[in-house]
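Below you'll find the structures, each written out as structure tokens.
What follows is subunit A paired twice: with subunit B in the first complex and subunit C in the second.
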Partner chain A sequence: MNDAQPLLRARGVGHAYGDPGVSKHSVSKHGVSKHGVSKRWGCRDVDLDLWPGEVVAVVGESGSGKSTLLGALSQRLRLTTGSVRYRMADGTTADLSEISEAAVRRLWRTEWGYVHQDPADGLRMHVSAGGNVGEPLMATGWRHYGRIRAAAAEWLRRVEIPVDRIDDAPLTFSGGMRQRLQIARNLVIAPRLVFMDEPTSGLDVSVQARLLDLIRSLVAELGLAMIIVTHDLGVARLISHRTLVMKDGRVIESGLTDRVLDDPQAAYTQLLVSSILPG
Partner chain B sequence: MTDAYGTRAILAVSGVEKTFTMHLQGGQRLPVLTRLAFEVHAGECVALGGASGAGKSSILKMICGNYAVTRGRIELHAPDGVIDIAAAGPRQVLAARRHVVGYVSQFLRCVPRVAALQIVAEPLIDRGVRPAEARDRAAGLLTRLAIPERLWALPPATFSGGEQQRVNVARGFVTELPLLLLDEPTAALDVRNREVVTELIREKRARGGAILGIFHDAEVRAAVADRVVPVEMFAAVTGTAS
Partner chain C sequence: MTAARDGYNTGYLDEQTKRMIRRALLKAVAVPGFQVPFASREVPMPRGWGTGGVQVTASIIGPDDVLKVIDQGADDTTNAVSIRSFFAAVAGVRTTTRTDEATVIQTRHRIPETPLAAGQTIVYQVPVPEPLRFLEPRETETRRMHALADYGLMYVKLYEDIARYGHIATTYDYPVMVNGRYLMAPSPVPSFDNPKMHRSPALQLFGAGREKRIYAVPPFTDVESLGFEDHPFEPQRFERPCAICGSVGVYLDEVITDDAGGSMFVCSDTDHCERAVTA
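Moving on, here comes the complex of A and B:
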């Protein structure tokens, strides 16, 4: 985390649903576009600097805008307002809304990962586990079958999937195994930045603990930067350095994770923290 | 910063105020500390004294950046400059925790699935020590603190209170940071293990480390502390300290 420049710098980021999508200027400040379509802000006015090796958690209840923010930062949703600047592996900095779609696709192939809440959204369910992990490597130019298979086997081992399941499709896997496979599929290209959307919330508690520990150790080992969306404050505490608390589409409190959780300042954060069941 | 005895202040607290605002209780303000000021120097062990509820743990939590500081300065003197924790951003606080200040909480926060030996070795590995060497040093401390080897590979969630506390103490002492904050490090320990912790504190001081702690046990406090900061003197509401 000693790098002098942030990896990602977001300023004034907002995404409005119902935005007719002509250009950002078609949206007036009064919440109604020129075309008269009423719209709703999913998230707005968000500033964030993410540094190499840093894990930031975005917490809040459902509907608070945390997944929308993740979508806007990762260019899966277009920005209605604001900008996201990203420092690429070659050291140059790009404004993500200004680079071409091909350039964004290249980032997804070579520098970014996205772990979905439902593994079925991030995996090819009818393709073998080995194929799921090997495919991103082929997309970056790997051609040697033996090496791809060996790399896939190594990643299955790292995410604690028995290597003898390499030829089975994830359709036959348990929920926890599918999620671990999705993580392997994302990390195999050695990304610099990974987005995770509620990666543990569809799983049983015991499976969650194992997955969290796995994410925690892989992120530390690989020095990844990560933005993770979760409604579970325990997840934020366990794996993030910093936490953003969202309510009604805005960040209402942010800071060092343990400070936000142990000495929350905003009324809403105090409510969230006091609502945790004693464990 | 050097005083008449030639020792260096590692920690300088001045004008610190801490007030909790309880939004769920109608915004009620709970002032705890005011005009708090003291220093801790290299090689010193200083105890925070005062009744339960006086704000002793809050002081330790503010110094390690875990609690927000309402007003005032908390300066940590690192080899490469001074950090005011009261005003520091998250990355500066993390850097201070990495290089200057360690904190041993009253209770170990157990991470599921992580073995006791790994919990103690982790702070060293994070600082670039080779895993094998880190585990050796962790094993040495666990042995001194009488954690039987058969427990090392197990996550401490199932350990007794005293065993968890010793794992926690080992994790705090393993890194050799200039300042170590201890919150009741001997509360759940038997006489023999209290002595081990007392020795660890003495050894750390001999190497120039500074300690700021809460020691409920009068015998331990007398054995390790040079002086006591009477926290009641800085109570924000008069008449509540006993």
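Moving on, here comes the complex of A and C:
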């Protein structure tokens, strides 16, 4: 593997909501189209290099464009501006907005994971836990029931879900178990890159701590690269190597996590850091 | 042969409609297993009672054809009798109950026990043409899955069956892969009949009137029932012979004979049963 190149290289990435897309109407500099419909930039001008095995946290307040950035990088949202280049498992590099939809889906099936904030978005709530973890395997051509089930059981064990719950639907699981199940479903294909959108919010503090511990150990064990969006600086501190701070859709500060949190340069980051409640 | 009833175009539908349906049929035959949308018309029966099959039959039937209509394998049920007399009246065709004499067979739920021959056409009445419908409710998404041959989800259904019942418990509308490319719902035929579709010498046409879809399996096309390596597809089996004609290896219906819980198992294919008795 050539590690001299980043896994993901984003340049000038921006996504505008209300964007007519490939329309003929050009958009003026002020974000107002000729027809007067204003575009709202979810995020813009974001540059990011993500290296193999690296964990990058994106922090910022609600509405700062964190999730939009994650969507744009992962091709869930179309890029309005900029480009995202990704180095595939075979070593070739592709511009994600130029490859076909089938190729993007193949990436999702074989190389990427996406953990949603709400597990109901990432799981099939009425399908058993084993079926949820087995689905990505079946999508990549696994056709042996016994082996699929064994792999699912192994992953339930790794995310600390009792294996005797393998035939229960996530509908019957607690919030923390659902989130762990979603993580298992994403990691079972041994992805190279995982996107996580606020994986711990909505869970109570002790469950959060265990989940973060689990994510951290799995990431280290599997050598995953990860982009994790969070509003919680504690989460960033605990699991990320680098941190981007976003405000109003732009990255206002970035650097090693410890540097950003201990010696914040931008006024907004200073505010953010100083508003952590004393524990 | 009798002349078609005055005031009706041959086959009830107008010529433009028949042409439109034939175009859809040609496309369906050219892309085996692919669901072709068509502009389903009103016919003098409620949607859900086989309007798709009636429209397909109306578009392909000619004065030299001999029509057989079965409902659950029987020629003498209400729907079968009325569709047969409908086409006798509006298309002036000869009708029969004998499988080997028919050129066009319209069916709901069964494929006749008598093997179909080259030159015969079997028309299925289909309620839900989309095999993925109950797993993925969005039509936009299922179409995309067909386009990209992204069929992992179908195996989740089979996985759930095995996890819950120890074997694949789907006994009708058992999903099939046509020509190694398109996943297809074989209409609600019992899985007992699935093997008859594989490389059948007859032309198989499927019409879903309410859902406005037509699809087809041309003669001698591979129709493979899905399964796992360690849990392969197994058609239903019947241990006992028919109580009337003594045939074995045929599909049986349970017929209640009294109010004391008494019942007998008889052929669902009435034509086969009659001929086996007299033979």
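To be clear about the criterion, the second predicted complex is superposed on the first by the 268 of 279 C-alpha atoms of A that agree within 3 Å, B and C clash if a C-alpha of one lies under 4 Å from a C-alpha of the other, contacts with A are read in each partner's own complex, and residues count from 1 in each chain.
What we mean here is this: contacts are C-beta pairs under 8 Å (C-beta built on N, C-alpha and C of every residue); 3 or more make two chains touch, one makes a residue touch a chain.
This structure is a prediction, so every number in the text was calculated from the model and none was measured.
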| item | value |
| --- | --- |
| Subunit B versus subunit C as contact partner of A:53, first or second or both or neither | neither |
| Touched partner set for A:209, first subunit B, second subunit C, both or neither | first |
| First, second, both or neither for A:102, with subunit B first and subunit C second | second |
| Which of subunit B and subunit C A:134 touches, first, second, both or neither | second |
| First (subunit B), second (subunit C), both or neither touched by A:6 | neither |
| Common interface residues of subunit A - those touching subunit B in one complex and subunit C in the other | none |
| Of all residues in subunit C, those that touch subunit A in their complex | 144, 148, 150, 152-153, 155-156, 159-160, 162-164, 228-231 |
| Residues of subunit A that touch subunit B when the two form their complex | 1, 51, 54, 209-210, 212-213, 216, 220, 238, 241-242, 255-256, 258-259, 262-263, 265-267, 270-271, 274 |
| Interfacial residue positions of subunit B with respect to subunit A in the complex | 20-24, 27, 61, 65-68, 90-91, 93-94, 111-114, 126 |
| Interface residues, subunit A side, partner subunit C - complex | 101-102, 105, 109, 124, 127-128, 130-131, 134-136, 138-140, 143-146, 148-149, 166-167 |
